[in-house]
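The structures considered in this document are given below.
In the two complexes below, subunit A is the common chain; its partner is subunit B in one and subunit C in the other.
Here is the complex of A and B:
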């Protein structure tokens, strides 16, 4: 069963790394009610920045911070385009995403691989000092878990601050924000900044894990993010004690698990996406059944 | 309470299914991760299996294949490689760069050799050191320019469309631009970022009056080749392919790599590793330089072109 256990570890690790992206999408889509397509550009942006800095010998931990800062900037651009220039939400994201495609290539030069001798957050000395006794795949799990939990807790704490409450109010009832004499535009910009910070962080961690930046790695990440947010929040809708942020992290792990099941079933390779889609459907239907209380025969 | 139990059960059920992929494996498993469905990559995989066979290994007895296709999705390539790694396959094969990178990353800290194929620049992809080897598929640019010159002695400009984010294409364009003057050509190139821009680029090149188009192994361009050919045929401009599959679709000719041969060579390298005759660590990667001439007589006739006898006798007729 060793291999089965490794498979679970690997899958959960992927889920946790991408959960950072899902948390970002959760803020824009679920809380701000803003369909932000910047994600497809800010995710590879984080990876591009991390790849370039890693190859230049910058501390791996610092690369994450710089990637987050650059991701924040991407969110700021979308926010300003939408709020200050009055461009529709979807289009504002599309504009930033499109521009980022070129910017990412400009940053990285081309698709960029990181040498195995270069230390990443999974192999650098401080990580090794703490978890060096573990094999690499467990170290990857632990580091990803720490990142996901830390940022989840920071978000939870933020949501109960005044600024965080305003953020939630903009999505739920934007008139209220105006009545409170607050500028809902700047609240939206702030939400986009936080969201894309997390998305870029996710991209940077993927780059550390894969030791590569690929300019097309952002394609479909918005869809992934939306799917995980919906899976997570639908499944745990009736379980009040599960916070939205936790639900989203579990949603991300489940998404990766669905793909893993499809791979492990060993069916024809081209059916992979179809099987994944069917698994999502099953999860969502099960979630909805519970919502409507029809669980007598479940 | 029931709800919680169901939620937990669903999650457990999903993870339990993983076990399905981890059956008994006395016969060594070769995990093949192919980046996507693509004629050249498919040929590469078929050649690989043929190469194993030619090296005397028999499927089912000496090895079994676990073939996975990532559908051009990097994150799926990652999970495929992880699956191979967790199942402790005997050998991982990555076809095309992102698939090979994912395999190599999943093999880090493990003792699983990785063999790659269809990678133009293994050094740039950082796949040249470690427990890894394979074959590289550099385009025979000189041969292609020479071929175009012989078929179209009067031609001056060659139009090329390439995807700016594909490193293979970028390095091939640089080589074309460097070598074109030696054959009396200038290159008119247009970079695109996605597939939908390719046909627009064709219109632009036609309006700039190029004498012909030449393809790279660019996935975006090759993916919409039929609609490219529709436009160029209407304008009477011949298109040269970069490998046989493109000539089959309707390009006039190509000096191209034989991806089946590339795969066979890769398969033989993998066989050496499986038999324990060599390790991936100390086997350097190999670059294929041999090429074949492929022609499509029907397409040539439509353009009013003829292939000189010296090439025609060596060429492989690939038209329908």
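Here is the complex of A and C:
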């Protein structure tokens, strides 16, 4: 029974770490109505930056901040390609994602492991001072929970500001933003920057957790993000008091749980992406309600 | 004052479908004017509004506001002094935001959108007053999502939103065309009231000849990119729907409609 409980804790921890990515995708897909494929590149980008900095002995907390800054830059690149160069939303993301694959390898050199002696955010002194009494598995859970909740609350607060309101407006009816004498392109770029900041943070935390960077770890992360956003928002669409950000975090945990169940039932690891794709299709069809705004995105 | 000088507008230039709409078009709208524009489909009414707002580029000529050349100014910058209400009531607001959030956005036009609270609670009473004056019961729907309101309610809110901050020009782009006759009448009366109270300069494109005749102090009819009829002041007061309809029909017969 003990191992089952550990498995649950581990799955929830995974769900919470990846929830940061889901929050990022929530901004682009749900709020901006922009299917952003940059994620498949910016997620491993965060991991690559964190891995390199960790192995060089940089403070684990600082690695997260640097990863976020670099992720923001990736979002900026996609935004500029889309808005300033007039490339379609999907293609702009694909271009950045493709370029990032090489950049990630340049940053990390190759697949990179962080050895046991190196401190991560789960083992560094300040974390130990607070949660040192717990076994590592619970410490990971608590730290991940704190990260997910803190960033959820920051996002919630941001959405209620003037800038946040304008961001929500641009996905809903970009014409209105223009008549408010605001450049809708700049608002979109801002949204992509915030989104990829969170995605790269998620990648960095995954790197801390796994103590590794893998050049292919980004594959399928967009699909994961979209699936969790759709699961979360569809499940809670009739419960007005559940905020979108909360719904997305729960969606992420549920999704990781589904995958974990499939693996526990003996599903070969090679079939994982196929199951992911099928699961995503089912979710997409069941929750078929791409949001009904005044759509002017292409 | 708004001036269009020698405007040239060519659609699809350099292609087989090239179509020259305006060839040296001129129009001056003085401060305080309420100009109605009528004309058949394709006569250039909406293109005219789009040229004023910068939604489409021009191939020649100048657009001036109070003597300042804004021909090269980006569309979103022009809206700093222009308010616009569209034909489609959905265009004037965000369906997934509440009425209060929509009004708050509109209220902040012309100022930076920073990290201050998006909704200024102190303005709530003011919004309620503005909405109550419409007589549509919108003052009790501040927390309702815009998408849940009717077309007429959304258009009324769009009108309030477009005129909430000080603007030089109000552009009305067939803004009653998508509404039922009774609601259209209500919105038209509201429009006239808002224009009078806020002393706005307005340009209204409409297919409703009666509105064009009844409201405003100037009327022009357009055909194939040219002004074919212009009435202003006392002359406009004396104009009847029958007069306008007569000319309208003559043009239509010439075109074979």
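By our rule, the second predicted complex is superposed on the first by the 265 of 298 C-alpha atoms of A that agree within 3 Å, B and C clash if a C-alpha of one lies under 4 Å from a C-alpha of the other, contacts with A are read in each partner's own complex, and residues count from 1 in each chain.
Heads up, the rule we're going with is that contacts are C-beta pairs under 8 Å (C-beta built on N, C-alpha and C of every residue); 3 or more make two chains touch, one makes a residue touch a chain.
Please read all numbers here as calculations on a predicted model, not as lab measurements.
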| item | value |
| --- | --- |
| Partner chain in contact with A:134 - subunit B first, subunit C second, else both or neither | neither |
| Which superposed partner A:149 touches (first subunit B, second subunit C, both, neither) | neither |
| First, second, both or neither for A:184, with subunit B first and subunit C second | second |
| Dominant toucher of subunit A (residue count), subunit B or subunit C | B |
| Partner chain in contact with A:113 - subunit B first, subunit C second, else both or neither | first |
| Subunit B versus subunit C as contact partner of A:166, first or second or both or neither | second |
| Which superposed partner A:80 touches (first subunit B, second subunit C, both, neither) | neither |
| Touching partner for A:176 - first (subunit B), second (subunit C), both, neither | second |
| Partner chain in contact with A:211 - subunit B first, subunit C second, else both or neither | first |
| Partner subunit A, residues of subunit B touching it in the complex | 2-4, 6-7, 10-11, 14-15, 17-22, 34, 37, 66-69, 71-76, 78-80, 82-83, 85-88, 97-98, 101-102, 104-106, 108-110, 124-127, 129-130, 164-167, 170, 193 |
| Subunit B contact footprint on subunit A (complex, rising order) | 1, 3-4, 6-11, 14, 18, 101-102, 105, 110-111, 113-116, 135-137, 206, 209-212, 214-217, 219-220, 224, 235-236, 238-239, 254, 256-261, 263-266, 269-270, 272-273, 279, 283, 286, 290, 295, 298 |
| Residues of subunit C defined as touching subunit A within the complex | 74-80, 82-84, 86, 90-97, 101, 104-106, 108-110, 112-119, 147, 162 |
| Contact set on subunit A toward subunit C in their complex | 158, 160-166, 168-169, 172-173, 175-184, 291-294 |
